[in-house]
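Labels for the chains are A, B, C and D, by order of writing; each one numbers its residues from 1.
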Amino acid sequence: MSKSISLKHKVIGRRSTLLAILLFLFFIALSKQFDPYNQAQLANIATLLIAVLSITLLTGASGQISLGQGAIMAVGGYASALLVTRLGYSMWLSFILAIFVSALFGLFLGLAAARLSGPYLAGTTLVMALAIPSIAVRFEPFFGGDVGINVDYGNPPRWLTSFVGKISIEEWSLYVVLPFTALALFAVLNLSNTRAGRTWRAVRDNEVSAALAGINIGRTKVIVFVCASGLAGLAGALYGFRGLVGPSVYPTDLSLTLLTAAVIGGLRSIGGAIFGTFTVVFLPDLIERITSTFEVPGAIANYLPGLAIGTLLLLTVILNPSGAAGLNERIHHRIKKTISKSGGH
Amino acid sequence: MLVVTDLVTEFSSVKALDGITFKAKAGLITTVIGANGAGKSTLLRTISGLEKPTSGSVKWFDHELTGKSVEAIVRGGIAQVPEGHAVISQLSVAENIELGGLFRKRSHKGDLVRAKREVFELFPILFERRDQQAGSLSGGERQMLAISRALVSRPKLLLLDEPSLGLAPLIAAQIINIINELCRSTGLTVLLVEQNANTALAVADHGILLSLGKVVANLPADELIADSSLRAAYLGY
Amino acid sequence: MTSFLTAFFSGTAQGAIYALVSLGLVLVWRGAGVVNFAQMGQAMFTTYIASQLIQHDYSYWSAFVVALFSGAVLGALVDLGLMRPLTSRKNLKSLNSESMRTAIPVIASLGILGILKSLAGIFWAGEERGFPSPIEPTAIKIGSTNLAITGFDLFVIGVVFLALGLTTIFFTRTGVGLAMRASALNPEVTRLSGIKVGSVRTLGWAISGTVSSLAGLLVTPRTNLSPNTLDLLLIIGFTAAVVGGLTSLAGSVLGGFILGYVISFVSVYSAPENVFIAILIFLLLALFLRPQGILGSKEVRRV
Amino acid sequence: MNLRKPLILTVVASALVGSLAISSVSTAVAGAPGVSASEIVLGMQLPETGPASPGYNKVDDAARAYFDYVNSKGGVYGRNIKLVVKDDTYKAGLTISTASKLINQDKIFAFFGSIGTQTHVSVIKDINRRKIPDIFVNSGYSSFYTDPKKYPTTFAGLGTYTVEAKILGKYLLEKYPDKTIGVLYQSDDFGRNALAGLATAGLKFEARKTSASFIAGTQGSLGLASQIGQLKANGVDIVIIAAVSSATAVAYATAAQLGYKPTKWAVISVGADATTFQTILGSKGVPAATSAAMLAGTISASHAPAPGELDDEYIAAFKKINDDFNKGADTRWDNNVLQGMNAAYLATSALMGVGKKLTRKKLISYLEKNGSKLSSAAFAPLGYSKNSHEAFTGFWLGEYDASTLLVPIDGKRVVYTTDSAGGAVTVSNYKRPAISADALPKVA
């Protein structure tokens, strides 16, 4: 497999650009069919997708498991919100800087976490998910306590409305997020196909033989952690600008939701990350529609989204651990097989 | 007697074993030799039930082994010493040995005590180090421990996967000799996988040469040693 | 001095609870090689069952026994229904690396946690409840001064050490205990020793389910019972287990008490707002200084 | 491994999932959004599930019960009031999504009675930017209401924590000048607002001695032993609690365990819900009679009559409507139900007051002009004006009796009034208008 990648290296660079642009256009085309709420949901997907990609990168490509991506999102969120409200930076610049701040944070954490594997890392990141929001409460005058800091994308600027006509606030938020999503997608697609990406996978698949092959395991893990943190921080900044940067925006559950999205889609696939994010964002709406049609009493209906997500997670893990993307790949495979058979070779 | 017939084992549609057929006579040492990747380890793992064959049969006297669980095969008297001095390094030496006989603890309590005493007599160094963690042993001692763990289950057939791998030649020879003595004195049947063909053929009664999952030679050990063309073609010397 | 004593006794009492949680985690880790993030979800669920029985006028002790039994059943079910099918599929591409084989059960246990919470919400409307204690929780007195520790706390401490003693004997002195340790450490060699690794693991899950259930029953009299309140205890219990050494039963108990003191001394001498940050710093420090934990054995940790 | 291969197929699948979930676009209505010839749609966000839900998840059912009653009597100018409720599980990330759904899909006319400071803060700016009325928010966080220029469409549904704490603090300081007064508060917006109010009243606490705090939500898992132990060790005679009811229950239970008997407990009304208190202690094995005795003598404040004052005309009317119309999972009559009903009563009054031609702008200007004249079960006047969107500006103080009923101190109900800033505490002379026989608001 590594052979095919190295041969196609240059082609892939072009293809990933194409794919990122395609996804960008796909979202915009989709948004035109939607009402403002679903446009907001799309923007939400585009935002969370970046965070899910960070998990795909971390877990799928290097085997580290983080239950605290939400906390790193919070770091990015607070960084951008403080830059905008305290220092008067522009929103766009603050998003870019949020990547660096959270990557730096990831570096510190990574230095400690690179020594950890499996459950140790999972648990440590979980403790982090708990502790980070309480820092905001602890240093209330600076971070705004548990009420947080109000920030938003603002109203659609005039140059845009005069160009594309009147658009809703929700559609504007989608336009703000999408370029970053496309960039993140482009970055991850390329990273996973470079030499660095192969090194990471080697570490994931077998640390011992990777070490024997001369790969510095610790350093590799830290680098992956830093990259994933940068992505998560960007997602956190975009997520915060939906309205608020505060502890209740980045709860422990958020980290778990992101992980669920990554798992459902397939931890090793970028297509899977997209599918998984769509699922966790839209599933509650779907369930709400079903429960309201069948008039399920609220005492049950309220808990169904949680139940459905949990069940989906378990079913994925048991039946098809490689997620929706794996299923997809298998179907792909079968179709190919059938075609080649009927082709009479 | 162990009878292997048309055994095929696949890993994601690559045939690691491609129709293996041979017999290993009871009470003798049969060695399986071949280059790296010939399928030697897979053969042992398929016999012991760790790998599920795609087709074919493995019979120990009248008992069909394919389709049975590893535990059932072990309990039927077939013990495997897997590759790489497989002991549990976090457990003590005594615990590792205890583990091998655990399933007989209730039914054969007295015999188990005897079996433990016997392996300690066989490898006195293990008795000295019985309370140490297995991980702290040297490579040779670990291999002795792995063999001891298998022996306390009172096997009738012992499957040995590269016991000399990574050991100093002197130690390796010592271990092979002990196996040889054991076989001669107790009537234990041994199926010995070795990459170091000379060491193995020196003690074995019969030799099987594997290449790319197929049997290319099935001869008495002394004939196999003598066949220089086979050696040159498949073992590279 | 009074605040020191307050911190010390309340730390001891809390520590006993964290020790119990931590012990439960270490039991599954040693028995099945999995950190069970659903553990306190299971505890929550079985405690609700007990609470329900008590509300329907069954005696405390009958509810206690039923809860322990359902804990064992729930633990066994988790293994049979989930963990076993998972490990039997190791030929799958996504499970072919060691790191993924440790990651996937963690993810699976999170799925169970989510399901148990939702079910508790549906069955018991997510109502916040308390839970009775078998012993009147009144403060121990020295002379006329009340200490910040109750008879019930002493009972919990007693149970913790009893559980520690029994499980230690079980693991080190019995054959099943040896088989259980071996299964977690090296399933292949264990199977080749003729041991039914699957059954041994299921037993391990059942035992841990029982201990978790016990933790739930003894934790909730001091706290409240709701689908979410026990999550925090899991996180603290996990930290305690790591600090003590994930492989060591005695270490987990020690870690539990240490965490109890950290939390209570930070609350009293600094501020309760600093507790979570203190836990994080403490965990990072512990991992940095002694990655294998205070009493953990070094080789088990793959660094 | 190839990360790229299944991308296109999964994207298509994702689009399918998305389109499945999308509801058909609701029918466009002429005039104000959410108002048709037959219906007025109101939207409410609250934690129906999750750690913050206990107690609060009854408020929506109570409000809906009252609206259903109004609808059964012909609605407001022939329009039925429809209440759409979204569960945000007390997580602001979700509040933002559900608010967008209420606005864009349910096409609500106004937000009504949203619960939760930390969650509401995430959408308040957006709601105001869109000029959607945000009436009777169930939060006493004063910053939402004291600057109408910042949040012109947001109106309170509760008296602020600051006002209540000020009144309580002043009373305690005058009544017990020689006692050591301490506080136990949860370190969030609510606790800190209350602390600020107590400070304005002249109560000073010493950190780590007479002032103890805990992280909101951890009372159920970490317990309050060290906090209570600290207050006890420092000889605090009077403990003020600014925390939710489940924490009050844990605090009382812990104090009993530690043999700590302060002269008085004083609990800010948020934390003084007797039902929650007794439920939690009850399931801990404390008999109802014992838990009632523990609560007895506790000082608390209220703007409305206590739920247990069954001879009060508002209480009697509301309780009957609750019995007849509440379809929620837990319909037990308590303070949460009373608050929900009272807010619905106020909303109905306002909607009737605006008149037949209902628009968002009209509702807001009506509330600013006439809001202070609206009546409700409360004994305190409403503070709505151009300069303030605070609701009840006064509280009366009571003590719990042996049957968990809050009765006015010394048998006489005195309503004190003040503002959320530095203003003085005075006795209010507000006379509550009587409720009409059909329990529907009568607005001129």
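Just so it is clear, contacts are C-beta pairs under 8 Å (C-beta built on N, C-alpha and C of every residue); 3 or more make two chains touch, one makes a residue touch a chain.
For clarity, every value in this text was computed on a predicted model and none was experimentally measured.
Path length between chain B and chain D in the touching-chain graph (shortest route): 2.
Counting steps between touching chains, the shortest path from chain A to chain B takes 2.
Chain geometry summary: the mean Cα position of chain A and that of chain C are 31 Å apart. Distance from the chain C centre to the chain D centre is 37 Å, each centre being the mean of its Cα atoms. Here the CA centre of chain B is 41 Å from the CA centre of chain C. Shared interface positions of chain C, defined as residues touching 2 or more other chains, are 93, 121, 125-126, 231-232, 271, 273, 275-276.
Annotation for chain A: residues 134, 137, 266, 268, 299, 302-303, 306 touch two or more other chains.
Residue positions of chain B in touch with at least two other chains are not found. By the definition of touch given earlier, these chain pairs are in contact: A-C, A-D, B-C, C-D. Across the complex, chain C meets chain A through its residues 29, 34-35, 37, 82, 85-86, 89, 92-100, 102-104, 106-108, 110-115, 117-119, 121-122, 125-126, 231-232, 235, 238-239, 242, 246, 271, 273-277, 279-280, 283-284, 287-288, 291, 301-303. Residue ranges of chain A in contact with chain C, taken from their complex: 59, 62-65, 67, 112, 115-120, 122-124, 126-128, 130-131, 134-135, 137-138, 204-207, 252, 256, 259-260, 263, 266-268, 299-300, 302-304, 306-307, 309-311, 313-314, 317-318, 321-323, 326.
Of all residues in chain C, those touching chain B in their complex are 91, 175, 178-179, 181-182, 185-186, 188-197, 247, 297, 299-300. Within the complex formed with chain C, the chain B residues making contact are 12, 48, 50, 69-71, 74-75, 79-80, 82, 86-91, 95, 98-100, 102-105, 133, 135, 149-150, 153. Considering their complex, residues 2-3, 6-7, 9-11, 13-14, 51, 54-55, 60, 93, 121, 125-133, 137-139, 141, 146, 148, 150, 221-226, 228-233, 263-264, 267-269, 271-273, 275-276 of chain C touch chain D.
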